[in-house]
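Chain naming follows the written order as A, B, C and D, and within any one chain the residues start at number 1.
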Amino acid sequence: MTPAELEAFLEREFPQIYLDGRIWHVEETGPMRARMRLDYHPRNLRPGGTLSGPSMMTLADLALYVAVLAQIGPVPLAVTTSLSFNFLRKPAEAALLAECRLLKLGRRLAVGEVTVFSEGAADPVCHATGTYSIPDRRPDPSP
Amino acid sequence: MTPAELEAFLEREFPQIYLDGRIWHVEETGPMRARMRLDYHPRNLRPGGTLSGPSMMTLADLALYVAVLAQIGPVPLAVTTSLSFNFLRKPAEAALLAECRLLKLGRRLAVGEVTVFSEGAADPVCHATGTYSIPDRRPDPSP
Amino acid sequence: MTPAELEAFLEREFPQIYLDGRIWHVEETGPMRARMRLDYHPRNLRPGGTLSGPSMMTLADLALYVAVLAQIGPVPLAVTTSLSFNFLRKPAEAALLAECRLLKLGRRLAVGEVTVFSEGAADPVCHATGTYSIPDRRPDPSP
Amino acid sequence: MTPAELEAFLEREFPQIYLDGRIWHVEETGPMRARMRLDYHPRNLRPGGTLSGPSMMTLADLALYVAVLAQIGPVPLAVTTSLSFNFLRKPAEAALLAECRLLKLGRRLAVGEVTVFSEGAADPVCHATGTYSIPDRRPDPSP
């Protein structure tokens, strides 16, 4: 699936995440990877001019989901089974970018990692790993 | 801090989380524990009549924060350093309850676990563990 | 499976873990739970009179495996897919006890948590969560 | 610290990990990174010609520790506070290599990730993230 197809899929399946506007963007997909962006929105602001943990977590979750769908197509039954986050630095009052890399795409399970950055900054603000359970559909490509 | 003091603290420090109404409630606190509730809100609805992962994650994060504050008082500088989630079952279209238990409250680090339930259901929908970094303030009570 | 059956299964399938003697014990099993013990062994000693992280991790992993097998029977194909640990306090130079509770036993996935104690101490030294992938075998009992 | 200095430090501080021989090697260190190797040893063998989870976990833990020490020098008081693992594929009956990258080296906390490979294979067998608590020693370089 292309970035445009993925965004259309998200808007159709998850309209609630766009209640604050079109703030989620699939910027790029490639083999076993995806990049997403969350525009700055005042709802995510927290004391000290930083952004909320849940905004980073939601972005990382979506980036993993998009990276999986980019590989296997629009499978709405794929569900997140686990997510782990390390919060590294306070994000700036800016957009967030998430770089996702899949570590494994098996027959039943996908595993990936995500690094989240504040736009324009070099050091990551958050690192995540996650697993997805996917409906049986084809022989396992893993060794 | 009592539940009422904790809610007042959250409303003052984190007004953004109440943009959809007074949906977060500190139901109970005790030694090394706290219980929070997230009212049902259509924003958190997802396909198939279930609730979003981020709504469970946000609730668990808040429950850990509240359990720490209930012990150490209103310390706005306490920051989440890590969170890990296992998503166990699809939540119902209902309120979510989070039971938090602190496993350690050290001089610099607090660690806790949270079990999230759909209101009225016996089996948990999500389990979380998290760590908080807290400003130095007293001798470490840990062995 | 009973504790004795589980120990016999472990000794047959994983003889390498007994190279230092019969130091692993299944103390008790029950519905969705198990308790294991790791005897003190000098191999696990670390500077300052404490025990190694890997000895706690290995015990937690085994306790989860045993709790799953106690429910579903001797299925050698069940594999650990993820483990998360929080190290809470330095363990004493003593035996370690692990209390495991399964949070979910689904058709394809089991999830559990483990709390590890030094024998005779009240405060946990380590907390773990883990997931197991299990071969398809029966209808999913989860809602 | 250089790889040779790090190995000498490990052998002096943690002699127990060498009870099966000199099987742990610091292969390379660099800015915010380290690579370690665990030689194949029959103790770590498991049914089906694969290696144990704990051998991968121990290697990842050591690689993180070494990457931190390579940056801050021989600080025996640095302690692992959390570790999270995703097991991706069954390792081969071969040496294991661990590539560690630090994501943050703060005043009190270091965070890193580790990817573990079977020697000669391209796809990772395990991915880990971990956090270390380090004694206060200098101003926090994090933003």
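What we mean here is this: contacts are C-beta pairs under 8 Å (C-beta built on N, C-alpha and C of every residue); 3 or more make two chains touch, one makes a residue touch a chain.
All figures in this text were calculated on a predicted structure; none of them were measured in a lab.
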Relative to chain C, chain with the most remote C-alpha centre
A
Quick check: more C-beta contact pairs in A-B or A-C?
A-B
Length of the line joining the C-alpha centres of chain A and chain D, rounded to whole Å:
28
What is the distance, in whole Å, between the centres of chain A and chain B, each centre taken as the mean of its C-alpha atoms?
23
Distance-wise, how many Å sit between the C-alpha centres of chain A and chain C, to the nearest whole number?
32
Chain A, residues touching no fewer than two other chains
81-82, 84, 86, 90, 131
Mind pulling up the chain C residues that touch chain B in the complex?
84, 86, 88-90, 103-104, 111, 113, 115, 121, 123-124, 127, 129, 131, 142-143
Touching residues of chain C toward chain D in the complex: what are they?
13-14, 16-17, 19, 42-47, 52-54, 57-58, 61, 76, 79-87, 90
Contacting residues of chain D [partner chain B, same complex]:
81-82, 84, 108-109, 131, 133
